[in-house]
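So, here's a batch of structures to check.
Two complexes come next, and they have one chain in common, chain A, joined by chain B in the first and chain C in the second.
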Partner chain A sequence: MTQLIISMIRCATPILLAALGGIICERVGVFNIALEGMMLFGAFFAIYGSYLSGSAWVGALVAMAVCGAVGFIFVELVENLGAEPTITGIGINTLALGMTTYLMKMVFGEGGSISANDRIAGFERVEIPLVKQIPFLGEIFSGYTPLVYITFILVPVLAFWLYRTHMGINLRAVGEEVHAAQAAGLNVNRFRVLGVMGAGMLCGLAGAHLSLGYVTLFSENMTNGRGFFAYVAVVFGKADPVSVMIAALVFGLADTLSTKVQGNGIPSSLVLMLPYVVTILALMVRSTVAKGEKKHFHINLTKEAKE
Partner chain B sequence: MNEIIKLEKIEKHFGNVYANKDINLTIMRGDVHSIVGENGAGKSTLMNILYGMVSPDAGNIYYEGKKIEIKSPHDAIALGIGMVHQHFMLVPSFTVMENIVLGLPPRGEKIWRPERFRSEITAIMNDFGLQVDLDTRIENLSVGMKQRVEILKILYRGARVIILDEPTAILTPQETQELFSTIRLLIRNDHTVIFISHKLREVMEISDKISALRDGVLIDTVKREDVSAKDVAYMMIGRELEPLQRTGMDGEKEICLQVADLKAGDTTHAAIENISFCLHKGEILGVAGVEGNGQSTLVDTIVGALGTDSGNIVFDGEDITDCSIGERMEKGIGHIPEDRMTEGLALPLSAEKNLILGIQRKEPIRKKGRINWKEAERISEELIQAFSVKIKSRKESVANLSGGNMQKIVVARELNREPKLVIACQPTRGVDIGSSKYIRECLLEVKKKGGSVLLVSADLDEIQELSDRIIVMYDGRISGILEAQEATEVKLGELMFGRG
Partner chain C sequence: MKKRLAVLLATAMVLSMALTGCGSGGKEKTDAGKGEIQGTSEEAKAENQETETPKESEGSELKVAFITPQSTGDNGPVDDIMMAIDKVKADFGIEVQVVEALDTTDQEDAVRSFAAENYDVIFTLFQQFVEPVRKIAPEYPDTKFVLIYATDDFGMDNVVAYAYDAWETSYAAGVLAASMSESGILGNVVGYEDDTIVANSNAFLEGAKTVNPDATVKRINAASFEDPAKGKEVGGQLIADGADVIFTDAARTSLGVIEAAKEADGDVFIIGDNADHSALAPSSVIGDNIYGYGNTLYNQISDIVEGKFTKGVIVCSVGNSISVLQTYDNFGSDGASDELKDKYAAAVEATNQVIEKIKNGEVKVEKDTTAN
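Presenting the complex of A and B:
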């Protein structure tokens, strides 16, 4: 049981980190399906940064910087050059897959995956003194890598920022009713550019957790759809940090179960479907609940196309 | 009294078309100054120039005698000029207070504490009789209340001159009266109001001065006492406007459309319930109500764009509840949709193609499986003639046309099929007076020929002018069905609010 919870939290972390980025995008009104690609970039560049410097933290910073830049390119294309957000997002995702595979061969001379390299440092686990000694809770709360703690601290921080600060309120106004924000004299473009760059950085961190967190390796298409789960979590949690966290934990659980249940006589292909089945179920539940209720924010593609 | 704003020789053109030409206009402090004119007359351009959203090609603006330049709405607000747009600039999920203070400098604080503003806002509310609950979310407010919030917003930013862009277009008669008392309070408190409208009755009621624009030129500025509504209409359109000729209903009362106990609604359609009514042949049935009370849902279920949860629709003696849109069209239902840009027309296509849409699969347009363009030419030329659509050629894309001419194309296409039932939604919204009158005459013509019209409109004048009977919708239900004679404005207004 404790093992299951611990594993769930670990698996939920990258999804939640990317989803926090997704929340920001949704709240500034940019449809960003490129979370997946940005996360993949993050996973690779975290390894690369760690490989060059020998420090996992430097690796994470490199990942954040690169993904922030990718976010900047994405938002410039979409907001200022009029590119179609879905197409651009798919483009970034495809680019990330191709480019990381290519760079892996170029830099490390290996295809498929890189690991077992002495120069790549992963994150150390943090044992919290005192807490560690509490039975049961100690096991659940102690012993994760720092990124896990950072992620779960970011949830209330982001919630406070969105709902209780001037900047957060302005940002929400931009995403929900852009004309009102403009009329109030807010610089919509700046909010969007900075918001998506911030989202990119969070995705970079998510990637770093994947490649430097519990394993120290990078493999082709390592994110394996987690960025899309993150997006679903954002939609499911209506871009509210706490609800999105719950959604991310559900995905984390599904992810965990799909690995744990394997080898219990159930065909592995069925078990591996679990996260995806959860996604579809989540969306179905969401749209049933949403029926008849007012939508606060939603990036309506057809509406934008009309403008 | 002294002058507060003076516009001198303002000129603005887009391409070769003058939107404003040599406009001289003086606004006196403490006046309600109405600017009237048809769509495209240049009212909005002029106001956008004054509000800093459009920069003029030539001319000067003076504020309290000083020559000024207004480069952005920000400048305008700083001077004390505020504008309430036709489309509200409010964030639906925010509270009233959050909306009022949104975007104001945070006064050195990063944490959001709108409470600090409460007493100031309350003081303004009391001064101007603009009572709103500051903690309600915008999405839960009525249109009239939202408008109040907009006015509060600009007053809180220190506006002394308030531009109201067609403020009554979306209000019920009662809400309009409330707005008028607010305007009177504003004037008493030394504010100035610029009132843009084309509703003559309201202009005559509230204005001190009236300026009329036509084709970008300021025709005249007059004092309200010196003129009649007829004079103002003449200034606006440059000719006399004959009143509509209405006929009563014939004695026979055959049923054309019968709706029984209808229930429908989904995520994009407001729920409707318990809807039952019938529409006779040769009758115009008006559907009144504040927008968003289920009228669009009703229309979509009748035309077949939305399925029903229960209840049925009988058209011409036949149950059509489960028929597709195409089948319903085939049976004789014509539809003038609410939004001509997205639902009524294929914008990039030519007038010719738009005019034959819906009949392209039938003789004589269809010939041996292909389109007979000769026939299409004949039909479209005929319709363009008959409806006097202002267009260069039938090959021109409808996207280039003015709202009135676009709407004429929609009406021409739908009536050309000679439907037994026409469902007309906001048929004259955003259409100039001349074309509006023509479209209304067309609907009366349908009736004269024994057809039926279901007229859904937010314009009460239009409903009252055309309908034989009037249904009022409130909160997804029918709150009353009235004979035209008994439908006074007060009675309608009460039903629109669910009272009565």
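Presenting the complex of A and C:
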């Protein structure tokens, strides 16, 4: 049981971290399916930063900086140059895959994967001194790499920022009622540009977690669809940080179960469908509920703000 | 409208992943970097593009190409072949042109363009190339086509297919694993499940049982050959379940399994697949199951240099020393105890005896494809 929960949290973290970025995009009204590509950029540049500096934290910062820049390019294309967001997003994803593969061959001289390099420092696991000793909770709460803690701390922080600060309320206004926001004198464009750049940074951090926290290596296409799951988590959680966290944990659980349940006479191919089935079910439930509310999922949050 | 489109799109993407996730997509790759040319010489790119130009040197030098459906750096089959290509260059002075044809559509084109350029030998890897070669080979009787990992006999004079009885080495791997294991619980991480991989897994258990009748094998399908993070999760899970030797058949996903073993409390050992993984974790990697793709290429070229060529299907096995279970003399070079090193030496000794027995026919390893 403990193992299951730990495993669930580990699997959910990269998805959740990228999804937090997705939340900001949704909230400023930019459709961003490039989470996957941004994460992949993050994973590579985290390794590169760590390789150059010998510090995992510097690696994470490099990843954030690069992905912030990728976010900037994306939002400039979409908002100011009128590019179609879906196409641009797919473009970024494809570019990320091609470019990281190419850079890996250029920088490290090897294709496919980089690992066992002494110059690459990964994140060390954090054992929390006192909590560690508590029988059941200690195991669950202690012993992750730092970005796992940061991710789960970011959830309430982001929620507070979105619902309880001026800036957060303005930001949501930009996504919900552009014209009202404009009439109120908000600089919509600036919110969108900075919002998507922030989202890029979070995706960069998600990538860094994958390549330096989860494992200490980079391999071609190592995000393996996690960015898309992040987007689905955003949709499922109505771009609300806590709901999105729950969605990410559900995906993490499904992912864990897909390997845990194997070997009990059930064909593995059937079990492996689990995360995808859960995703489709989640989306179906989501859209049914959304229909009941007769409003679109992320235009429907004004009442929460009033509370 | 836009939002609905978004939801629709997300659903479509998840669906498409679901399909590739449990389909045969495991070995294929996405289309990025398709048709990428990884020349071993500078003019590789140029040469591949000018399909119509006659070849520059009509000398005796052999023109050899290798077309791979998986990109290099997989820590598996392709890297094994790349190493053999370096060796071919060193020993025979033959440059092998390497092309990554990751897309099904590129694969046939790649075969055809090399054949049209009068290449003497074209090597291909994996099943994807069976149909293209069947179609193209009759048109170019002077070109020899070598299918690595295929079982089809076309009856053509210029085609040879190499099949791999990898369950034999897997059986030996079972012996090695059970000799090293304390718990008797063995793990097996695979990238997907086809007949060969299932047969390997079953043979692995059979081999283990000869050492420890109570040995069990827990097989987990990670459903990807390129997800080290998943590999680490799965590896950690097997270790938590008590497995102390893990046998992988998962290319890059194995890298994560190796990390999990390295970080485990206590000794957890790995038997990898198709490449030398010992440098990654000298005290964890106890062996690698080498199907022999690289050996195949090397032997084939050396045969052709000598003017020999056999058509049909050649089965690679322990018997003809193409498939090997590689073990490491420098095991534990990063500080394992002498006790452990002695244990390993004994385990290797026992394994080698079994391999000898497989060679001389005393032990027969059946291909058992029943999935449990």
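Basically, the second predicted complex is superposed on the first by the 281 of 307 C-alpha atoms of A that agree within 3 Å, B and C clash if a C-alpha of one lies under 4 Å from a C-alpha of the other, contacts with A are read in each partner's own complex, and residues count from 1 in each chain.
Just so it is clear, a contact is a pair of C-beta atoms (placed from the backbone, for glycine too) under 8 Å apart; a residue touches a chain by one contact, two chains touch by 3 or more.
Remember, it's a predicted structure, so these values are computed and weren't measured experimentally.
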item	value
Clash-or-fit label for the pair chain B, chain C on chain A	fit
Contacts of A:142 with chain B and chain C, given as first, second, both or neither	neither
Which superposed partner A:219 touches (first chain B, second chain C, both, neither)	second
Which of chain B and chain C A:151 touches, first, second, both or neither	neither
Winner by number of chain A residues touched, once chain B and chain C are compared	C
Contacts of A:110 with chain B and chain C, given as first, second, both or neither	second
Superposition-derived angle with apex at the Cα centre of chain A and sides reaching chain B and chain C, degrees in steps of 10	130
Which superposed partner A:181 touches (first chain B, second chain C, both, neither)	first
Superposed arrangement (fit on chain A Cα atoms) - minimum chain B/chain C Cα distance in Å	10
Shared chain A surface residues [contacts with chain B and with chain C]	296-297
Parts of chain C lying in touch with chain A, wherever the complex brings them together	2-3, 5-7, 9-11, 13-15, 17-18, 21-22, 29-30, 32-33, 38, 71-75, 78-79, 193, 218-224, 226-234, 236-237, 240, 252, 255-256, 259, 279-281, 371-372
Chain A-touching residues of chain B, taken from the complex the two chains share	73-74, 85, 87-94, 98-99, 102-104, 106, 109-112, 139, 265-267, 271, 342
Chain C contact footprint on chain A (complex, rising order)	3, 7, 10-11, 14, 31, 33, 86, 94, 97-98, 101-102, 104-105, 110-113, 115-116, 210, 214-217, 219-222, 224-225, 228-229, 231-232, 235, 255-256, 258-260, 262-263, 265, 267-270, 272-273, 276-277, 279-280, 283, 286-287, 296-298
Chain A to chain B touching residues, read off their complex	163-170, 172-173, 176-177, 179-186, 290-292, 294, 296-297, 306
